[in-house]
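Two complexes, one shared chain (chain A), two partners (chain B, chain C).
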Partner chain A sequence: MSYYFCIVGTRDQPLFELEFGTSKQGGDGIARFSQEARHMNPFIVHSSLDFVDEMQWTNNQMYLKRVDQFASSHISTFLTPTSTRFMLLHLPHPPNTAPQSTASPNSFPPFTPYTSTPASTTTGSRSSSSSSTSIPNNPTSPQTEEAIRAFFGEVFEVWIKAIMSPFGSVEGKLGSPVFRQRVVAAGKKYL
Partner chain B sequence: MSFEAPFPPYNASDPYATFLNSTCMDLLLIEMVPMAYRLNNELTIAGQDGVKPVVDEDEQKEAAFRRLETSGYRVGQGLVERFSRDRPRFTDTLDVIKFLCKDMWALLFRKQIDNLKTNHRGVYVLTDNSFKPFSRMSMSSSSEAVSRAQPYLWFPCGVIRGGLASMGITATVQAETSELPAATFQIKTTNAKA
Partner chain C sequence: MTTTTPALSGPKPLPPPTSLQQQSSAQRAPPQPQQQHTGLRTPSNRKTIYDRNLNRTRTTELSRASFAYLFSEMVTYAQKRVTGIQDLERRLNEAGYPLGQRLLPLLLYRTSTPTHPAPRPTRILPLLQFIAHTLWRHLFSRSADSIESSSTNPTEYMIIDNEPLVNQYISVPKEMSQLNCAAFVAGIVEGVACSVGLGCAVSAHNAGEEGGMWPGKTVFLIRFEEEVVKREGAGK
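This part shows the complex of A and B:
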């Protein structure tokens, strides 16, 4: 599983970005997005902001779970009370492909091609139900959901501390290396 | 990180308990006003190569107001971020104002606001019959006391404005007092939907 994490401010501006890979099941914590996917990720995350805006009125929780899906990328969201959004894009490695077996990251197909149908999900339509595959890091499983909840919870705590700093601004970019380090640690711990 | 009373044992015997001396906090808030004046004075003097400029009183007042209001704004933004956690989402402006009156006020001044009036067109008037920072202020002539107390309302104004801003409401906040220790805050929202 590869992750792209982005904090989006109230004016839809990105405040913080981070790519990382799974550290569970022997993962090395390195994101395996292809070059193309790396460029696409911000767009995918941005496009799902509309869904977040819609969902916030039907769901009273801060953790909105999985809000959107694009090809095989899933997007989970955490909405703070003041409408800052934590967006996490997670891209599972295709079944039967261990992350270690890919020698070069470029040869690894990060997207299932947009035209073909991956497994049994319907491409194009943003289907909310996805087939449960046997990969350990199934993005739709309750375990993944809980892990992401824990991750967001920890990031939220760290984020609060970061924005309470009088030297930064609430709407400003989060450049603090300590903050980045803490988010990386949270990612390593839960995802 | 919440309004609830901390779990027991949360007392002096708990080595991990952290406490805040509320008197120190009050003194800090009181001292902020003279500090804002002092800072402005020093900065204007430093900018003019030792020649003491003639600063008229209004200008001085304005500068102190701006300084206090902006620092209050930042505090308000942070406070809301930290304390509105896990509460139902705000659906309209009145919801936000209620949060301000009940939860924020309790947090800042250890009491709730006494009266809230609105014209349902975006103007809210909050009345606090015994505003905490004014509770220890007294003078022989009440009109002088009122004018001397005015600067102590600027910081809370900023806190309110900052809090509202981070909950998505742009507003102007004005505060006045006609008799200590009461204070009224007038919030005018400038949102399209009022």
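This part shows the complex of A and C:
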């Protein structure tokens, strides 16, 4: 699974962006988005903000779970009380081999999500046999949902620490390297 | 009121007494130039605000005297730069607003548990309850005295405090009898309500009667925007 994480302010401006890959099941923590997907990700996340705006008033939880799906990308959202949105786009690694691209010709997107299919046949067969519910492969499973909840919970804590500074604005860009480090660590720990 | 001030500059660390600490400080030493290179400056004990626990100051209280001193300085500072009472109240309100924006997530974080995350107060009543109880208790160690809704105007709500802490050491001169320095607290309330998405304007009014039981009684009048009340009605 590859992840694109973005913190979006109340005026729909991005405050923080991060790409990372799964660290579970021997993942190396590196995002495997293709060049095209990398450009598309901010658009996909931006388009799902509308869903979040609607859900904001019907769901009073902070963690809104999976709000949107675009092709094989899934978007989970955490809404802070001040309406700052944590958007996490997660794209599962393709099953195991190449025919994936020809399997569904009608579906979006026209781009292939990965530069290369990750991996040797051994990991491929292992994951297909053992892990239909595991985090790196199934974005809709309850396990994934819980892992993302834990990830968001940790980012929320770090984010509060960041905005508590009286010298910055709540809507300001989150440029601190320590903040980034903490988010990366949370991603490594849970996803 | 809670502050999360990082220890920005500490005294130089003493020479470490044990070999273990020496070792760890030796390990820490190399990244120092690199850090300087990236422009990140960390305090000498290498603790940033991100290393602080958010619950650390949960139960600690600040000295009332120092708060009163600081607050009187704030009022004086604002008073020197304004043209009238309304302007002064607006300034105090603006000083409180960012505080409300920050207290909202912090207090919700503190009331959450991993299994039961606190809900966002998206409707008017839960929001008022959050303000009058959770927020008030955090700021003043007690709840507000009552919450009322206006009988004539559906967009108006009131939170009543019989004896606001901020006004305790403030005597307002006769010619400025309109002034209520609890406008600062009104700003905090406004910050909380607006950042949760329920747009409103909050003002503080004197409601005490001369010789009554609560001469310092203050009403925080919350005027929600039309859309907020409309949405509230649609959601029912």
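Definition applied: the second predicted complex is superposed on the first by the 150 of 191 C-alpha atoms of A that agree within 3 Å, B and C clash if a C-alpha of one lies under 4 Å from a C-alpha of the other, contacts with A are read in each partner's own complex, and residues count from 1 in each chain.
To be clear about the criterion, a residue touches a chain if its C-beta (ideal position, glycine included) is under 8 Å from a C-beta of that chain, and two chains touch if they have at least 3 such contacts.
Every value quoted in this text rests on a predicted model; they were computed, and no experiment measured them.
When both complexes are superposed on chain A, chain B and chain C occupy overlapping space and clash.
In the superposition on chain A, A:S47 makes contact with neither chain B nor chain C. Of the two partner chains placed by superposition, A:Q35 touches none, neither chain B nor chain C. Residue contacts after overlaying the shared chain place A:P166 against chain B and chain C alike. Of the two partner chains, both chain B and chain C are touched by A:S83.
In the superposed model, more residues of chain A are touched by C than by the other of chain B and chain C. When the two complexes are laid over each other on chain A, chain A has residues 56-57, 60, 62, 80-83, 156-157, 160, 163-164, 166, 169-170 in contact with both chain B and chain C. Touching chain B in their complex are the following residues of chain A: 10, 56-57, 60, 62, 80-83, 156-157, 160, 163-164, 166, 169-170. The touching residues of chain A, when paired with chain C in their complex, are 56-58, 60-63, 79-83, 153, 156-166, 169-170, 176-179, 182. Contact residues of chain C toward chain A in the complex are 4, 38, 40, 48-50, 52, 54, 98, 101-102, 104-106, 108-109, 114, 117-123, 126, 195-197, 231, 235.
Within the complex, the chain B residues that touch chain A are 1, 74, 77-78, 80-82, 84-91, 166-168.
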